[in-house]
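Below are structures written as structure tokens.
Next, two complexes with chain A in common: one pairs it with chain B, the other with chain C.
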Partner chain A sequence: MPPILAEIAQLVVNGIMTGTILAVPAIGLTSIHAVLRFPNFAVASHATVGAFAGYVANVKLGLPVLPSVVLAFLVAGAVGVAADELVLKPFRAAGFITTAIASIALTIALENLVRFGFGNELRGYDLPIMRDWRLGGIRVGPQQLQNLAIAVAAMAALFAFLAFTRTGKAMRAVADNPMLASIKGINADVVARLVSFVGMGLAGLGGMLIGLDTTIDPLTGFRAILSVFAAAVVGGLGSIPGAVVGALTVGVGEELCLLFLSPDYRSAVGFTAILLVLTLRPRGILGQRAY
Partner chain B sequence: MENYVIAMAVSAGIYALMALGLNVIWGLAGMINLGAVGFFAIGAYITALATLKLGFPIWAGTILGTIGAALVGGGVALLTGRLRGDYLAIVTLGLAETIRVISSNMIWLTNGTDGLSGIPGPLRGSLSPTQFNLLYLGVVAAIVAVAYLLSERLAQAPFGRVLRAIRDDEQVAAVAGKHVMGFKVRAFAIGAAALGLAGALYAHYTSYIAPDIFVPLLTLYIKLALLAGGLGNNRGALIGAFVVVFFLESTRFVIPYVPGLSAVQGAALREFLIALLLLVLLRYNPAGLVPERLPRIAPS
Partner chain C sequence: MTRHHRIAISRRRFVQATGALAAGLAMPAIGRAQGAPLQLGILTPLTGAGGFDGPRMLKAMKAVIDEVNAAGGLIGRKVDLVIEDDQTNPEAAVRAARKLIDVSKVPVIMGTWASAVTSAVAPLCWESKTFLTTVSGADSITLLPHQGYLIRTQPNNHLQAGKHAEFIAASGAKRVFIMSIQAPFAQPTQRRASEVLKQKGSEMVGGLIYEKEKTTYRSEVDQALKTKPDLVYLNGYAPDVTVILRDLYRAGYAGPRFAQSYAVTGKVLDALPPEVTAGVITVQPSADIDSPAFGLAAKRTGIAEPDSYETQATDWASLVSLGIAKAKEATGTGLRDNVRKISQGSGTKVYSAVEGLKLLAEGKEINYEGASGPCDFTDIGDIIDCKFRYNKIENGKPVFLKIA
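Entry: the complex of A and B
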């Protein structure tokens, strides 16, 4: 392969890896948006909470990566339900502007709770050091592959849950038409709690997966938030398959931009993607409508 | 000590100007702006670059910064005007973050995270620090007074009435024959201009700007000021700005006395309290200290 093609192939592979991981919090965000109908910026701090819960499990308690990841999901989900119940829920009646602002305040509050407990320094997970694999000139890290597998498994579990269980169907019904769902006797409060748990749990899981690749600090979630929102908007806000497609698009796009941009501009690429989509096709790739 | 008090009054004035601007966007037109700090940064960077690199006079740089912020604001509103409000939320937050990323990394232009220093201030060289502070306080006070009067006029004028109508029910305003999009774009541009002007005033006052200054927390301060004073009215915005500066400064003094806290923990506690206060105000007292009074319409 000529070197430029090899480089592009490497970037596409990297993009698919980061995109798959990005899809996890993007699904969390978009499913909360589908059911509760506001952009929940607290996804950022829940990603941080998950990353640190996983850190405590992995480094302080010495658990392997897999159980730590599960713990990251559970802790972030539990915090998500509690925060929604105590903080955000009362705002929803006042409209989405108030709720969105409240979710920003919530994210700064939670982020600072983490900072209070852990400080600002960068922390890394306790991972075995492994040599990258080479497949026809393309480098792949075993840890990256494991992260990819975890992300895919989490998404498969979510899709199965939404497609085959009664509760999952109830959630989709509320997202689709809350009025009709309530006529059919679906309890909207229960569904709200459930979507907060699953959505914020996925945000926490995503935060830990991002951290496994690099390091974590209290700003881990906030740094990723633009890419997460870009994924959800590009795919179509409120559409779960859209979030996956959007995340892969944004992931590959961010990597391909490395051909001519320094990696520091990564989140600017996500923002550009948002602007492009809103100009050309506001409802996103798989979304239904945006007005 | 007197310099400190004057400096706090100047920052309260700058916050008041931002609160007035945000009040047009959020309080009057009911549009969300989660990236107020981004427009503040645009004003600050434009005037800093114009005066430092192109040798513009301070007033010209300030005007340029104001116009730049207004144009970006109008563009943002134009892009998202027809969409659901959540998109405006995402774009404004994204804009502020992107400006921070770009200003941190475009080192040849903005000097990166080291920031730009030596931004000129009016007569800074020939006055004592106290005199300079007093002069600047006078300038800021005059600008805030003018901005306040203009905002009052705006809120009473038919233009403000249409904005309130759009805020309360966009469809009704459209049915009444109002060009909703045009009003939204102009309202956002006017508000963003005030935010940009505040940023330019900040840059020429402190003579130093860096990406670290333009954090999302600053947007929260301004929202806090508006909510404390009362959303949708300009007197509330002024009072709220002073209340917020007083609160911010008093926590700065009190928290170091809490025993057993490290510096990072103190800072975290302070930011936590600010976010908490915003949530409490938003929840329990959205009308603020000075509730909005709608002008009576005389029976004809």
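Entry: the complex of A and C
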């Protein structure tokens, strides 16, 4: 392979890896938006909560990675439901901007709770770090492949849940047309709790996946939230497949820009993508249909 | 009625008494001044982010001043320290500095730590002709129009980058790549390191500036390794250097890595498997442990190994004492004009304030050699030379290499 092609291929592979992990919390953000109709920035702190729940499971309790990931999902989901019931629900009557701002306050509060319990220092999971494999000149990390598999499996499970189960269909119905869904007798409160659980659970899972590849601290979620938000908006806020497409677009775009830009402009690419998409196609790449 | 009358009298008496007291205090003030203690200002972070270093610097300065007082004080007066907490906060620092300058009328303020605090306080100092000594490292500080009313004992970025490059070249590395976080020091560090590497027969084969707060730096690492470096200089902070160390390991890079010790802290070493950090070289400014001044500082403070901050504080108190003695007056301008006459040049080398005071009293020229380093200053108040401590990480623990 000519060096430039190898370089592009490597960047695309890196982008897909980052994008797939970004997609998980982006799906959480977008599905909450689809049902509850506000951008829930507390996804950031729930990613952190998930990362620390996974840390406790993996390092303190000595569990292997897979059960720890499940625990990260469950704990972040449970915190998500509680936080939504106690904090965000009372704000929803006041409109989506108020609720979105409340979610920013919530995310700062939760982040500081984590800081209170665990301190500010960096922590790592109990994982051996393996050297990357080289496949035809392309470098791929075993840990990244595992993360990729976990992310894909989580997304597949979510799609199956939405497509084939009654509850999943109810969620889509509320997302599509809340009025019609309520006439049909679907309990919007139950669906709201469910979507908070699944959405924030995915955020927590995403947080742990980020941490598996790096280290964690109370700012883990906050650092990722801008890219997650970019992914959800580019794909079409409210569209679950859109979140995946958006995350891959942002992930690969941020990497490919390194061909002609210095790495310190990376984030600018994500936000230029948001501007372009909002200008040319305000509904996002895949529009705003939930599924 | 009687009661009112009594109150009226007592109020009058109170006013009279107060007036008398005020007059009594004010009148002989000039007469008493000769014996009054000489007040020196300390403005250091006792709380906030600098709260770990401030109290220790304060202790070191007090120890020197106690020794000076025991030897008879300065220009015939006992020395008193007026201590203010800057709270590592520019706004609080400015208020405290105003108090030191306007109320206590100190000739010198010693001890600012954060660059933001020093940048805020420095203009008050040069406007009021008050001398300022600091540990803040930002290059911009000595570039302020301070007219000589400022010295710092901390190596600035330019000196650090140059020293790092000298060490790297001497370690045998010929092809060096520098990965810097997006920060004000990134470009100056790369520029200076590149210059010095070239002078020493090595080469900076490339450098990049990365964004902070990214979850991965794989592509940045690829860019670095494409240049086939035999040493990678990680010029960032702990969160990003941790990620890059992992990514370098994963990419199969086994060569030496070089970083500031604040980026490879004990917590970082705990968070990473030992094989990832093995062989990393860390650097930090160091006290001059071979200097007799260092031994004296250790004895004076009762600390076995005073660190860079404690020794710098020792040197401020010593330089200021000697500067006042040389100027024969306790003013900021006197200090500005005399500090270099006692800190550098061909005079007899002295390693403590008391030793220097004795020689000055005999009319001799002196050259103070400090516990933190030689304490020789450029025209803009930067130190010309200082020592650095190098460690190598083995099995997840820093192992002492050398101080040079």
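In this text, the second predicted complex is superposed on the first by the 279 of 291 C-alpha atoms of A that agree within 3 Å, B and C clash if a C-alpha of one lies under 4 Å from a C-alpha of the other, contacts with A are read in each partner's own complex, and residues count from 1 in each chain.
Operating definition for what follows: a contact is a pair of C-beta atoms (placed from the backbone, for glycine too) under 8 Å apart; a residue touches a chain by one contact, two chains touch by 3 or more.
As the structure is a computational prediction, the values presented were derived from the model and not from experiment.
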item	value
Greater residue coverage of chain A in the superposed arrangement, chain B or chain C	B
Touched partner set for A:Pro128, first chain B, second chain C, both or neither	second
Partner chain(s) touched by A:Ser182 [first = chain B, second = chain C, both, neither]	neither
Contacts of A:Ile274 with chain B and chain C, given as first, second, both or neither	first
Partner chain in contact with A:Gln146 - chain B first, chain C second, else both or neither	neither
First (chain B), second (chain C), both or neither touched by A:Leu113	first
First (chain B), second (chain C), both or neither touched by A:Asp264	both
Chain C-contacting residues of chain A that also contact chain B	262, 264-265, 267
Chain A contact footprint on chain C (complex, rising order)	182, 208-211, 213-216, 218-220, 222-223, 238-239, 242-243, 246, 249-252, 267-268, 270-273, 275-276
Chain C-facing residues of chain A, complex	7, 10-11, 14, 17-18, 21, 121-124, 128-132, 139, 141, 143, 210, 213-215, 217, 219, 223-224, 255, 258, 262-267
Contact footprint of chain A on chain B as seen in their complex	26, 30, 32, 34, 79-80, 82-87, 89-91, 93-95, 97-98, 101-102, 104-105, 216-217, 219-220, 223, 262, 264-265, 267-269, 271-272, 274-276, 278-279, 282-283, 286
Interface residues, chain A side, partner chain B - complex	33, 38-39, 41, 87, 90-91, 94, 96-98, 100-102, 104-106, 108-109, 112-113, 115-116, 119-120, 222, 225-226, 229-230, 233, 237, 262, 264-265, 267-268, 270-271, 274-275, 278-279, 282, 290-291
